[in-house]
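Here the chain labels run A, B, C and D in written order, and each chain numbers its own residues starting at 1.
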């Protein structure tokens, strides 16, 4: 079972060794009524406490594979199932401070059955989420 | 998994043969942070659209056993676990009309570690619930 | 099928109704228990949503699926599939690729006991004309569909009404191929005659197109009825007095009855996604639809 | 244990924190994954709440339990139990019956790998004096506790402060029996120094007694520390700036440190039961407690 929020409480954490953090990551529930092949996902914008990390710069871990946006757009052989969160990885030297952050995601999805004028659709959600360890 | 409401959507139904209903029943999640032996439950008041069905008159089905209030109060050998709803059965000739009803329950619980002056504690909750078949 | 042949409706639910609830507040077991508790018999699902490990569920899950169906006396109805024509950003999808995807879904649907497969086809225009590859893609799958006893049924969905070139093309396809393994699925959202509330992120353009309701005349169903194999009973909100805020069931159901439709009404709740709300809304819809059907049957005698 | 022996705290969570969420929006797997994700190592639960089939879980569940512990590198800490002295409406519970219930819980707790069993004892007075059968009941279980390597630890819980006849009776029991299998559990709700919001159905009498906080002086912990084997880190609300609205951790943790407490701080979230809220609140508490501990350790050098 996943949390109802897109950004899960669990998994929001700094990356890299403690004392020399390189960034942070979060787990994301797919905002869709169906699973999608990865190439139909056009990346995820992440904003933390007003600081924006563009979808073109973030990395995406799906079913154990880590991809940049270019690779994601080509990954028609990889699936993001509804019941498995994707891990979004963000570069930020030093990581985030321990404590509560305002986190916004913009998940960009390309559906085939909606006019191209509206693609990619962007699902935006904001929540408070907590980094436990600095 | 149970629904967060105490009264579950599923299981709210008329009893007895269609056309000659004898009453109705509902499934109830235990409003407690722990399971309880049945004798610690002092019955459940049920009110539907303002019509009250007293806990002294209702019947209780736990783990396949059907009890009236007197039997419930003696049932120190029977458990109502958190993960299993109890079935509350109410006599009402004709049953309830198909459609949406305002249902209130008052669940009466006797805890040993709270002063007797406050026992039984009564947990009250109201929701809309739907009878599908007349 | 003549108008005088009145048949009882069959009642089902699509797991689409439980979107956002499934996987966060309920699992497949609770969903099927909820559907069975309605007195419904049909269960519809979306392959790439409700089948864990799609498109290759493990056999343990398939066993589990059939055990649940048996326990709850439910039969699989329609299997939702997609032809994701925009799968490749750099190039269009070919008809062969589309046929391969659809074949895979037909095989899986048949293995899970389904009777219908709805391919949701990518569009090429603002007014939702399907990608022309649909015709070759589906034609390539007709033999397989016959072998696996599956009926392929694209969905007539708002803003496309019943009288429309897209629908006419589907009917010509039926006439040309003579296949009994192709039919039409009607989504009752086409009958919506009052506006939906705005949703988050909705643009004025999208609103203009379909969210106010395209209010198809239910009488239009009569002409198409011989080709309609399945109905998704799309709805958005039913209040405590059992009034549907958007779909005029009192006008729709008599026409379905008159047309001799005896297939499924498969609930597709598409309203507010507050947790657990879908469970209660689907119960209201079944109470409402059955109430109207009882009244129609009583009038007919 | 001398005041100069400073030890690191151990971090855990009681599944009590997830009350109303467990079984409606999460299962045991998700709960344990959430606890492990905190960097915590200890898992506390309530027998008659979180053990399916309690008091006789099947072996498949026990295997599952140990697999989850291994996967998430968690160790079982405290097993919550009750002595339900009002079980029989017609007569009081005997010490023998209470001992039988507690023995059953000690056996089960040991089988599941726990180190502590907290019996919640029924009360006989308005000011929460425990039923006098507690002494004989627990004494009858001391040998079993020793054999099964369990420490029985009644809970000091608001409105009972640390300096109180009830606590003194427990200390006398320790001194008289000399048992190392009996100790005290402190619930940090006793340090609450600001009022809780009212809860539904709350009466003025209950409010007067404990919901405004009994604000025990943390310094009182020093005298009792040698007997304290476990701490439940009770809390109700921590805001976005990591401020706890009720429990003065900044004054409590230095005393625990000074007392040489090196046991668990096991989260007991007891605030608003909005779905999923508990998950985020527990994260905030661990961020806060660890932040204060880092500061204390830095000051000490």
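By our rule, a contact is a pair of C-beta atoms (placed from the backbone, for glycine too) under 8 Å apart; a residue touches a chain by one contact, two chains touch by 3 or more.
In this text the structure is predicted, and so the values were computed from the model without any measurement.
*Asks:* Counting C-beta pairs in contact, which comes out ahead: A-D or A-C?
*Replies:* If we tally the contacting C-beta pairs, A-C comes out ahead.
*Asks:* In terms of contact pairs by residue number, which of A-C, A-D or B-C shares over half with B-D?
*Replies:* A-C
*Asks:* Between subunit A and subunit B, what is the separation of their C-alpha centroids in Å?
*Replies:* One centre to the other, that is 44 Å.
*Asks:* Could you state the distance in Å from the CA-based centre of subunit A to that of subunit C?
*Replies:* Centre separation, subunit A to subunit C: 31 Å.
*Asks:* Taking each chain's centre as its mean C-alpha position, how far apart are subunit B and subunit C in Å?
*Replies:* Those two chain centres are 37 Å apart.
*Asks:* Touching two or more other chains, which residues of subunit D qualify?
*Replies:* 24-25, 27, 275, in rising order.
*Asks:* At which residue positions does subunit B touch at least two other chains?
*Replies:* Each of 1, 3-4 in subunit B touches at least two other chains.
*Asks:* Residues of subunit C touching subunit A in their complex?
*Replies:* These residues of subunit C touch subunit A: 16, 19-20, 22-25, 27, 46, 48-49, 52-54, 80, 82-90, 120-123, 125-126, 128, 131, 200-201, 203, 205-206, 275.
*Asks:* Provide the residue numbers of subunit D that touch subunit A in the complex, in ascending order.
*Replies:* Per the stated touch rule, the residues are 25-27, 30, 33-34, 37-39, 240-242, 275-276, 279-280, 283-284, 286-287, 290-291.
*Asks:* Which subunit D residues qualify as touching subunit C in the complex?
*Replies:* Those residues of subunit D that touch subunit C are 24-25, 275.
*Asks:* Which stretch or stretches of subunit B touch subunit D in the complex?
*Replies:* Residue list for subunit B touching subunit D: 1-4, 29, 33-37, 39-40, 73-74, 76, 79, 81-83, 110-119, 121-124.
*Asks:* What part of subunit B is in contact with subunit C in the complex they form?
*Replies:* 1, 3-5, 9-11, 13, 98-100, 102, 128-133
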